[in-house]
Amino acid sequence: MSFAIAGSLDEALAALAVGARPIAGGTDLVVGARQGKAPLPASLVAIDRLDELAHIESRDRGIRIGAMVTHSQLMIDQMIVSGYTALADAAALVGSPSTRNIGTLGGNVMNASPAMDTGAPLMVLGAVAQLRSARGSRTVELSDLWTGPGQTSAETEELCVAIDLPPRPARSGSAYVRLEYRRAMEIAIVGAAASVTLADDGTILGGAVALSAVAPTIIEVDDAGALMTGHLPDAAAAAVATAASDVARPISDLRASDTYRRHTVGVMAARAVDAAARRAAGEEIGVPVNRAIGVGASR
Amino acid sequence: MTVRTEQPSSRIDDGIGESALRPDGIAKLKGEFEYAQDQWVEGMLWGATTRSPHPHARILSIDVAPALAIGGVHAVLTADDVPGRASFGLEHPDQPVLAKEMVNFWGEPVAIVAAEDDATARRAAAAVVVEYERLEPLTDPEDADLRDEVFQRMRIRRGDQSASGSVVVEGFYEVGMQDQAPLGTEAGLAVPDGHGGVDLYATSQFVHADHEQVVASLGLRPEQVRAHPTGIGGAFGAREDVNLHIHLCLLALHTSQPVKMVYHRSESFTGHVHRHPARMWYRHEADEDGNLVRVRAKVLIDGGAYASTTAAVLANACYFAVGPYNCESVSVDGVGTRTNNPPCGAMRGFGAVQVCFAHEAQMDRLADALGMDPLELRRKNALESGDSMPTTGQVIETPLPTVEVIDSLAAMPIPEESERAGLPGGSGLTTEEHHVVRGIGYAVGIKNLGFSEGFDDFAQARVLLTPGGAIVETAAIEVGQGLVTILAQIVRSSMGVSSVEVRHVDTSKIDSAGSTSASRQTQMSGGATLEASSRLRARILEHFAGDDLNDEGVWRDGELVVPMSRVTEDKWEETVTFRHPPTSPPDGDGQGVVHADFALAAHRAVVDVDPELGLVTVVRVDTAQDVGKALNPQSVVGQIEGGIMQGVGLAIMEELILDHGVIRNPNFTDYLLPTILDAPDVEALLIEKEGSWGPFGAKGVGEPPTISSTAAVAAAIRNATGRAINRVPVRPQDIAL
Amino acid sequence: MIVSFSLNGSPASGRVERPISLLDFLRDELKAIGSKSACDQGECGSCSVILDGVVVCSCLVMAADVEGSTVTTVEGLESEGTLSAVQQAMHEAGAVQCGFCTPGIVVAATDLFSHNSSPTTREIKEALAGNICRCTGYGAIIRAFETLAGEST
């Protein structure tokens, strides 16, 4: 086994260029190795010491979240909590405190699990991924990045270095809701994120809805914006519920039947729209867990 | 070898009835306590197991050469290398030590390996080439019943079989397969003694049973094997049966080196037995006043591939099929099937859990049909001391305060609607208050204590008085329940000496204490300890013509006559084998004095349900429990809270999911255990009615919390949703769809 | 490769040849057996340690990646041979039964109380949400830390 701890981004990219696989903090690689599963890459490069990837920064057009930003950071960061609340909702639900401490947004995005919690919020918030390699960098839409369960369109030598989010319009709110059986350490049975912008008269000006765990990748409800626009939130939520059930392609697995997922995905999408619209209207609906630990939240 | 860092308490105040602190607590809190997983000796090898990937197949060939060829591998053994009895089993030795011609369940051991480290051993285990001819597995227990593939049938007939009542309710109920999921996985170390014998230090609830089975399969003389108690990370029934014990001893003797083995979690899920899944058909008949007139039941439990304790679990399920209620006309037919599913055996509650879910649902339905309050129906039919068991006809001689338990529970305050334990759907925004409906449900459960049906149930303990204080020697296993605390408390109170150390000794040094199961050790090993320490005190007082004994020595007429230093110049020890009142096997109709004692509990569950999504939060579970005498109230409450949590787990989330005999979720990601956020608040009332034969009137307390808590949660969900809820765990789709 | 780091305030190092976890490294190589292995995949918290200031499941951390780091395990939390306040509170409340989850809970609770000396019941539960206990039903654990939180206010 060859193992190196990258001291700089360039060092990391150089290692990737010759076939190393990136790891950060916690990794399921050791889990797999212990269980004798998946053959291990011969060469690993640890990127968790790259402080340059561990910040959330405000930019001219929105914010940039470094790939090494942890869920623990995301869930309490004021810019995220106030402006991109759905992402804080999701980060606060991931695993347990200790997995949130080491799980990173970049790792989450590049794992490309269809049940990942941060995926649907990123999608409705209009996020794009910044990929870098020794040969250059490029910006990728998430819908282009995620190609299947655990699969991305990134080259093996490319590293996700950041996620960029555009600025939020006035009177906007977002929310992520997750269906889970147990009250902690869960994987989404069904998840739904919504982003809503309100007009002065309280009707919806525009928005987006995305779903997790009901298709091979995180999916967007394509016509959600159109369905919601011009309607009051209640009517919009009902319309989105039907559209979400239609667009979902759930499977039956250990956790739930496809029938149950199809039934609940509509309910969940409607609840996400409802919460997002209320946040857009200024209602204080705290980020889960943060409510418990006393961190404020707004939109 | 295994050094337990236990710190004897020296507070004489910590006698019976006090919440004395655990003597092993400090070591456990500092991370110094040695568990079976933590054992390490110079030069030891690591063992690993090759397991069947099929639930049912014929073994055509086994090629161990590729495994042996791996550097660092010292031995690869198969069925041909078992020198003694080829099979083992707690009641019937029907399970192969290593599969020879057939594999009968997914994960069945086929070969074992010893190598220089864990990873190499596991690689070698994977390198053993086994050629299988796959066979169709038998996995539906009802099919097995029809084909007469059964371990045991049970028949109970009591009273007039033609009796009938004007109010009739019928139901079908199902219980899924629960796992004990103790946090410590199976682990052990076997050390050859250099003279052909072996010392075994492995996770266990019953070292003498391990000893007997190891001796038989290794073809050794009993004195050549010593099974030692070791540090245990929980048990709950999972450690009654042998799993890695014989394997470890085979490898150690074959290699002449110590061998250690630790199961990974996924292996643990196949390496131990589970709670039997059950299907139950019931018909209750009552008169118009609500008196139970007749109960008929058919109880089917699936034993899986090998016998384990299926016969005893089935018998228990049948004996307690009616619950703690009087009924003069009873018919119960039970069957324990043999399939290619994972073997099932002991788990906390041992058959009483499954039937309690069914009989309590029936009682609620009956109350509904009668238009009667469900608790009133239970009071009216309550089985009490002096009554006859509805199934066996046995007159109950020990206290059984059923009405008091029910009344005490009913009198506990019901939480306000506004009192929430968080909303369903986890800690997220999933569910808001306006989505929620509240439900409340009650259940009462009963179970035997100690071994039944004429089994010669005994426990031996030895008490010594030394210059350093009193010592209790026992082979009874401390699995976390607190026996180490209780035995010391008993000695303090009965002998008058404050410093007491409990020593876990191996099978060569003391006779059996029986299994740490059936809620029995407080009564049995506690009984032996009480008698030994009382006798020892009497002998000492007689010898020195004293009338009192304490830390300072022997006293007479209020004067110290022999100081302790002189008392302990002599060797003082007393060994006692304790037996509970005799029981007898049932007759052909299941009748007889079958049980030694009984305990019961009642539970009230309050749930919040989001009916649209089918999600449930258990807000609180209150309970009243018949404990005889609480020897250590803090420990009793700990048993009650822990048992309720496992009952809640079975009610709403814990289930091993099988697909044609294959466990689909053998890990903690998919086998959901309740977290601290899932834990309901619990208020426990300890109902003390002395008169049982346990020490100071104590009854075992470990199992009742698990028995009716599941049924109470199911009843509460039924109350909230109006759904039938005839299956646990309740799945969200059972509510939402 | 040789991995060197600070373990409970003392320098520690050992050889890492394979992609093993910090947990296996601690237990098998360094014979620091306080941290427990129960689920192998970050789902139970029995292996919790404090790594460079944050609680992590040591079964998910690659041993090679702790080079130069600071690790605190349960063995490093007693104070001068006696139980820490967190440990003492658990002892007195009867929060230990089999004890297999105990090291992880001690670590997670120590981290909680180091940031917040008087947590609410809900904060206690959130901080321990990743620590499975199979024996106690959590009641005594919650009472232990409620008592400790009450003492510090």
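Letters are used for the chains, namely A, B and C, taken in the order the chains are written, and counting of residues starts over at 1 for each.
Following the convention adopted for this analysis, contacts are C-beta pairs under 8 Å (C-beta built on N, C-alpha and C of every residue); 3 or more make two chains touch, one makes a residue touch a chain.
These numbers were taken from a predicted model, which means no experiment stands behind them.
Located most centrally within the structure is B, per distance between chain CA means and the overall CA mean.
Across the two interfaces under comparison, B-C and A-C, the one joined by more C-beta contacts turns out to be B-C. Centroids of subunit A and subunit B (each the mean of its C-alpha atoms) stand 43 Å apart. Per-chain Cα centroids separate subunit A from subunit C by 29 Å.
Touching of two or more other chains is recorded for residues 34-35, 183-185, 289, 292 of subunit A.
Of all residues in subunit B, those touching 2 or more other chains are 264, 266, 427, 669, 675-677, listed in ascending order. Residue positions 18, 40-41, 43, 125-126, 129-131 of subunit C each touch two or more of the other chains.
On the side of subunit C, the complex with subunit B involves touching residues 18, 27-28, 31, 33-41, 43-44, 46, 73-75, 78, 83, 87, 90-92, 94, 96-103, 106, 125-126, 128-142.
Those residues of subunit C lying in contact with subunit A across their complex are 1, 16-21, 24, 40-43, 45, 48, 54-57, 59-62, 64-65, 67, 108, 120, 122-123, 125-127, 129-131.
Taken in their complex, subunit B has these residues touching subunit C: 19, 21-22, 24-26, 28-35, 37-38, 40, 117-119, 181-185, 232-236, 262, 264-266, 427, 479-482, 634-635, 637-638, 640-646, 667-669, 673, 675-677, 679, 681-682.
Residues 122-123, 126, 264, 266, 422, 425-430, 432, 612-615, 617, 652-653, 657, 664-665, 669-670, 672, 674-678, 732-733, 736-737 of subunit B are the ones touching subunit A in the complex. Contact residues of subunit A toward subunit C in the complex are 1, 3, 5, 23, 25-31, 33-35, 40, 44, 46, 48, 72, 95-99, 101-102, 183-185, 289, 292-294.
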